[in-house]
Amino acid sequence: MQEELKACIEALLFAAPEPLSEKALAELTGASPKEVEAALRELLGEYQERMGGFLLYPLAGGWQLRTREEFAELIEKLHRPVNTTGLSPAALETLAIIAYKQPVTRAVMERIRGVRVDSALQSLLERGLVEEVGRLDEPGRPILYGTTTKFLVHLGLNSLDDLPPLPEEEVL
Amino acid sequence: MQEELKACIEALLFAAPEPLSEKALAELTGASPKEVEAALRELLGEYQERMGGFLLYPLAGGWQLRTREEFAELIEKLHRPVNTTGLSPAALETLAIIAYKQPVTRAVMERIRGVRVDSALQSLLERGLVEEVGRLDEPGRPILYGTTTKFLVHLGLNSLDDLPPLPEEEVL
Amino acid sequence: MTYQVQLPVYQGPFELLLDLIKREEVSIWDIPIARITDQYLEYLSVVKVLDLHLAADFLVMAATLIQLKARSLLPRPKSDAEEPAEPDPREELALRLLDYRRFYLASLRLGELLVEAGRRFPREAPCPKLQVHYTRPVGSATPELLCRLAADVLAAYRERQEVKELRRISIDLPGRMRAVLSSLAKEPKQFADLLVYGRSRLDYVVTLLAVLELARKGKVKVRQDRPFGVIELSLGSGDEPDARRTEGLH
């Protein structure tokens, strides 16, 4: 029973986006606060003993599983992947529209491309190639997007004026 | 050394938002692919033996820590939006066609299903299960769609080769 | 007085057809077209398909079935041994049904996988300092590539706008009437031949209206031997159609 409760608590702590209080754990598992406390104490000891990748920390009135401090640099590397993958065709098209029609709203991008641009735009924002540059003075005040300095740097451009000109008829 | 590598790998798997490939683990830890493989095998065994709240699963060509299936209902209590994977039958049919015939155009999907697929396709795109993967070199340059890594993760597959085989064209 | 009937919901015409065939316990290669068509139409008459697009797709299949049924009821013309046999439309339908069925079955399995895998949860705690650094955020893209893409996308956009304009113009009755006449001037046709698969419902409606108007004016003769039978169209004895006159000029 105690082993089962420990596994339940571990699963909850593992999946929870925030620290869980003992009260919350008791409610979720249906165990008594005493049982939860005992299970937590055993888990704490086990994690200390096995010295794996993570430990159990008291945080904000609750408990949270976190990686051991020693691995901080290692995990930072994880979030700084040597990511050389190019942009998807959808993201590239969206970037081209933003580059030539900025400042531009998402609605305009979608009208021009004929499809949703959510994930394409998301990936451009994550890469820091485009950013919000303001809002359109219209109902709903839609966000306007434009390219960043990083965009210029990575394309080897000095300024936006250095973008190759569009063929005449496409200058809408 | 082996224990230290295991702890490193556990920390990385614990912190990573997505499945990590053995190659990525080797690069991040500086260990050899052989060492990583051995460490992973030991970790797999340990998790199986201790039967805690989570296990190690092969997913989308990598490895990810996930809670044990037995705790699904418990964790659903924790996550307020209970079920976000409920795809409509129409979306599922469309997803099946994309999964097995990728890269594939919308016209082919509509020909097979005998109905328009606009809204089904839209919902798959919004969920990030499929994406544009290019364009067909034909008049109109129709968009080609394929499945994403997220698709593999959400179906618990390691690679597209693990898809259940498409039923044969047998007589009814 | 109305009866409340629980009707199954179908994702499309193929699913409905497969269900009817299964209930009749017949081979997909030997579909009793007349019976299945009646049942298909009966289902459509009872169920209200709210989604207009879906309704249109069901109706297109209905038209195909009616055509097949008419063909199956008519005596077969004596086949000339010299002539190559034309593809059996029933066989084509069976092949499409079988193809659809494979993906239908696969979709059920994928649904199961989704549910199974959804029972295993990944960690969702946000990682501190989660900041992805892309060493080459644009990949190998160049300004020239972006320029070409922008030009292509904008050109495609402009074309779509133009197509929209064209469509509005193309739905003019006189134009469709001329098209029907010029098509019939070559040879008599069945009404179904005038309907191009994949066109919009509006397009079908315009064609129907054009035929009715031409029939009223006596420019087109319409014959149907039995209810739901093939509708035969030929040029009427009325005015000489424009199409012929222009053809004569060439």
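As written, the chain order gives the labels A, B and C, with residue 1 at the start of each chain.
By definition in this document, a contact is a pair of C-beta atoms (placed from the backbone, for glycine too) under 8 Å apart; a residue touches a chain by one contact, two chains touch by 3 or more.
Only a predicted model underlies this, so the values are computations on that prediction, with no experimental measurement involved.
The greatest centre-to-centre distance from chain C, using averaged C-alpha positions, is reached by A. Nearest to the overall CA centre, using the mean of each chain's CA atoms, is chain B. For the pair chain A and chain B, the distance between mean C-alpha positions equals 18 Å.
Here the spacing of chain A and chain C, counted between their Cα centres, is 43 Å.
Chain B and chain C have CA centres that are 34 Å apart.
In chain C, the residues that touch at least two other chains are 121-124, 127, 130, 156. Chain contacts: chain A has residues 11, 14-16, 65, 75, 81-82 touching two or more partner chains. Across the complex, chain B is touched by residues 3, 6-16, 28-29, 51-54, 65, 67-68, 71, 74-75, 77-78, 81-82, 88-90, 115-116, 118-119 of chain A. In the complex of the two chains, the chain B residues touching chain C come out as 14-15, 17, 55, 57, 64-69, 71-72, 75, 79, 83, 85, 87, 89-90, 92-93, 95-97, 99-100, 112-116, 118, 141, 153-157, 164, 166-172.
On the chain C side of its complex with chain B, the touching residues are 11-14, 18, 21-22, 27-29, 53-54, 57, 61, 96, 98-111, 113-124, 127, 130, 156. Taken in their complex, chain C has these residues touching chain A: 121-127, 129-147, 149-151, 153-158, 160.
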